[in-house]
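Each chain gets a letter, A, B and C, in the order it is written, and its residues are counted from 1.
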Amino acid sequence: MKLLVCIKQVPDLESRFKPDAAGVWYNETDLAFRMNEYDEYAVEQAVQLREKLGEGTELTVLSIGPDRVVEAIKKSLAMGCDNAAHIQDQAASAKDPWQIASIIAAYAKDKAFDIIFTGMQSQDRGSAQVGVTIAEQLGFACTTTIVGFDYVDGTITAKRELEGGIKGVVKLKTPALVTCQLGLNVPRYPTLPNIMKAKKKEIVAIPVADLLTEESLTTTASFHPPAKKGGGIVLEGDVADLVEKVIAILKDKTTVLR
Amino acid sequence: MKTLLIGEYREGKLLDSTYELLGFAGQMSAETSMLLVGSETQLPTYSGTLYLAEAATCGEYNPGLHKKLILEAVQKESPDLIVFLHSSYGWDLAPRVAAALKAAQISEVIAITDGGFEVGCCNAKMRRTVKPATAQAVLTIQAGAFPVLQSGGTPNIQKLTAAGDCTLEFVGYEPAEKKDIDLAKAEVIVSAGRGIGKKDNVPAIQALAKALGGELGASRPVVDAGWVEHSHQVGTTGQTVSPKLYVACGISGAIQHLAGMKKSDFIIAINKDKDAPIGEIADVLVVADVMQFVPALTAKVLR
Amino acid sequence: MEATREIYWNIGHGVVVPMYLLAFAAFGVIVWGFWQRLPIWRQGKELERCDRYDERVKRMLSEVFSQAKIYRVTDGGIFHSIFFWSFLILFAGTMLVMIQADFFTPLLQINLLSGEFYKAFSLALDAAGIIALLMLAGFFIRRFIIQPKGLEIVKDDYIVLQLLFAILITGFLVEGARMAATELQQNPGLALFSPGGLLAGQLFTTLTAGTLLVTHKILWWLHFALVLGFFCAIPYTKLRHIITTSANAFFAPFEPKGFIATINLEDETIEQFGAALISDLSWKDLFDADACTSCKRCQDRCPAHTTDKPLSPMKIVKQIGELAEGNPEGSLIETVSQDALWACTTCRACQDICPANIEHVNKIIEMRRTLTLMEGAFPGDEVRTAVSNIEVNGNPFGLAYAARGDWAEGLQVSLMEQDSDVDILYFVGCYASFDRRNQAIARNFITICTAAGIKVGLLGKEEKCCGEPVRKLGNEYLYQMTAAENIELIKAYNVKKIVTTCPHCFNTLARDYKDLGLDIPVEHYSTYIQTLLNTNRLKLTPEPFKFTYHDSCYLGRYMDIIEQPRAILSQAGGSIVEMDKNGYDSFCCGAGGGRIIAEEKLGSKISEVRIKMATDTGAPLLISNCPFCLTMFEDGIKTGGAEEQLRVRDLAEIVAERIML
């Protein structure tokens, strides 16, 4: 069986974001990068399945981006992926979800993957499109935001997380793609022997130009901080007045009193 | 400008969020039609065209089939925008429709701007303005970002039918687990800190949480002191939360606590001390005695 | 009449051969007994503990004969020391008798044991015997009547105490019987120099001469048999500590306190990191189990044990011994339990007080290494998050690394990347960099340096966690990764001296980083400020205040910095009210060993216990000089409800307020 897990390296969200020179994405200076949280669930699930299926199963991890993404790839290898594909792209952030999905689909097209795992979305871009779009392009069955996963004999049983904590149970036949959500599992912390082993695993580098054939379907006009919200208003005075003011603010700035 | 809105229906009921789509369309001043895989007994109060397919035959979650239905309506309507809610239904279905049409998709729109759409990114810390580069575009709109619009009226129903497309099988729903509490998913959290003074004051904080439709949170000292159970603890040693509204009652803002709740969309802090560190990240700092202010606020919210 | 006595009186010199044969046989039993234990110790890994032979011997002799580590704890310890010295005198006396009887008399025909020397000799031995009996009585009362909490009573205790009692009593009886026959009447003046024998002799005055001789002979052989029994019991009872505990004074490490073996991460042949089985520990770790006397001093002082957590350093040492002896393939982690391992604050109170030179802390760290490096385990999810935060942002809070230097805004400091020509590099650490309360330490330290005309450099956003908490939690890999980045950075700036305000950074930079190639003087601000005061670069206007001072474990016990902070505070006008547990006996705040990033879920809170000790002094102010301690105490004061009685402040705050301009 062949498994693929797609990961993205994203800035730590505690970072301070500043627009880049073109003003359409963030400036990478002073940003700390890590593996996209949802992708960690995807890797963990893929590795668990890889362990369950044992011999004869191959798990590939894929990431698109500049050299720094190799760090995230290495972590996935240390978690238990067998090999990796690094699609080298200095300008990955300028590509829209359609293009990213097309690149991955182009990579996966002739490789006969049975199951593809992705995160439900990236923490920086947050489009929640790439996984489903890959599945559509490859003609895979697909379900999203899963918090439960089981695989038996060509059939995946997944639990989707719906609003209000309700779950939807879905069965899919492979080949299939699932996008993973918080709550699916607890990603393992790589052990030192596995970190050492990962250093010897193969990372195939593929220039993005070899896989990219699609144009962008969207354009980003700007990247900017949100309009200043209340920004530290200090209210003092009589309690009754304070209550009135807070109620007004709650109505104006939040949806909780609607 | 023509929009095709994709309504939501689950467990035999039309979902209220459907009206947010109408709110969006209202803001766009667009000509509107709607598609719903639902039931004739659960129609939206809306006076435009409604493409209706029966959930009983098409399933509530059957994205392959629903995609076909939508494409059929798109064929008939030729909308400029196909609009979904950014929900478990919408984000699952929208990319399938977009891919089929090879149309631009813009996800989780929070506002309409000049010639484009505003979306959040970097965990809502930043915004992007995105424009479709295709004639037709698919949007998903953020829940709560657009006002609910119930214009009234009865829809003009056009029935849709499509043959089954079974890449997946929907087995059924599982009810929400009754667990302690999952603060990470709470939309409103009202947290008690040491500043509430004593254990006896916890119910007052809980009352505000209930009035705002939220959960009770707590800082570490309060949990350590045994005033509130650990499952309510917010912070690096408790749960990391990001609700829409976080109300910090008598929490000075130890770093462990701040790290656990600063991603909240809107933070109101109530504290006697104007210089408490929580003030640095709060959107509103109410300088007051917690036990005077909170019950007064609760009373007002309930009224 | 000459003051002397006839050796082998009534026994006859014919006894010499069987006596020596039996004695050698007894020594043979000792050797055999320990020889049999050799394979048990040999299961451990190699470790060089026999180098620097002269120093080791010197240290062993001094520790054994001075008994300093024993009587440091007066409860029990004093009895032991006095008993030891008394027994030593008795042993030396017996040796002297042997030498006299079997060498001097037959070979040299001289009698040392005569005249005034004999009188002194006799008196000394009798006195030693009586004192030893009194001490033995003390042992009895302590163990069987008072029964201090945690002190176990095992079979060995009955055997050993009764045996010693019997040896001493029969000794006096033999002496008494001999004196009844040869001295009480014949030389009553001399008898006064054997008060024990004089007393015991009264028992025999009514016996006929013949009976007396037989009785004496029986008692002599009984006494001799008991002594042989004592020797034979050494390897098989608690008495083994006579050999093993003494040997441990020889085997004790010479490395600086807190030394942890650096794992070579380049070595690809290593398959097991840390200790999962006893064979992963060193032979010394296994020998420690035999050196342990179960005195439970470690347990009494363990902050985790005292707050009802499932950790007893003594128990861990014992459990290792039991596995080594009975179940060498057994899992260390399962035997000791994860909860016990994670509970350790590495405060070193156990190791510091141990009279047997047992190394508790590193055993725990080795087992934690297995947990983290081999199993990816954490004491809790909060620690998992903090560790991942350190990986990504170089601090456990997960705050943006670029904000690390923000606290210094507006202060007179130089960012190393802009100007590295500075007097000192201040390594700020995560807490003083990011935590609002602790930023006061950093700011006040800069104020102090500015007043003293010291040019301070900061690494700002380039600085990363020193790696201490993760190293102590067993994550050597992450420690070495972050340490390597810090070291490379610091080396590139040609730094003359590093000053830290955090004792944990201090230990790590000064000692742990040495192993990774950083060799630059590192100082804690406590001593640095003291030097500034002593050299008059900094002057204070004293303002009186009453306070109590908390010795951070990593400053006091680890670095022997105890007097300096007190001297500074006294110069600032403070009058100290010491807590019972201070200096080397200080009680941990609860944050060491990586516990600062973990939640304290088991037992009561260590910080609250310490706060209670502080409030008990009546002083309104608790002064610390460690960001971890400050954090724990700010917390403990709140959760312990001591807000009305006590405030906690940092040394730098006190000093900065009193700078004479």
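Keep in mind that, in the parts below, a residue touches a chain if its C-beta (ideal position, glycine included) is under 8 Å from a C-beta of that chain, and two chains touch if they have at least 3 such contacts.
Computed from a predicted model, the values in this text were never measured in an experiment.
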Quiz item: Compared with chain C, which chain's mean CA position is the farthest off?
Solution: B
Quiz item: Does A-B or A-C have the larger number of C-beta pairs in contact?
Solution: A-B
Quiz item: Taking each chain's centre as the mean position of its Cα atoms, how many Å separate chain B from chain C?
Solution: 59
Self-check item: Centroid spacing, where centroids are CA-atom means, of chain A and chain B in whole angstrom
Solution: 20
Exercise. Using mean C-alpha positions as chain centres, tell me how far chain A is from chain C in Å, no decimals.
Key: 51
Practice problem: Identify all positions of chain C at which a residue touches two or more other chains, and write them in rising order. | Solution: 398-399
Quiz item: When you check chain A against every other chain, which residues touch at least two of them?
Solution: none
Quiz item: Which residues of chain C touch chain A in the complex?
Solution: 265, 268, 271, 273, 372-378, 381, 384, 387-388, 391-394, 398-403, 461, 476-477
Quiz item: In the complex of these two chains, what residues of chain B are touching chain A?
Solution: 10-11, 61, 63, 86-88, 91-92, 94-96, 98-100, 102-108, 115-116, 119-134, 140, 144, 148, 167-177, 182, 184-185, 187-188, 212-214, 244-245, 263, 265-266, 268, 274, 279-280, 282-289, 292-293, 296-297, 300-301
Self-check item: Residues on chain A engaged by chain B in the complex (per definition of touch)
Solution: 11, 13, 17, 24, 26, 96-98, 101, 120-121, 123-129, 132-133, 136-137, 140-145, 157, 159-173, 176, 182, 215-226, 229-236, 239-240, 242-244, 246-247, 249-250, 253-258
Quiz prompt | chain A to chain C touching residues, read off their complex | solution = 12, 14-16, 30-34, 186, 188-193, 195-196
Quiz item: Taking the complex as given, what residues does chain C use to touch chain B?
Solution: 380, 382, 385-386, 396-399, 434-437, 597-599, 605, 634-635, 638-639, 641
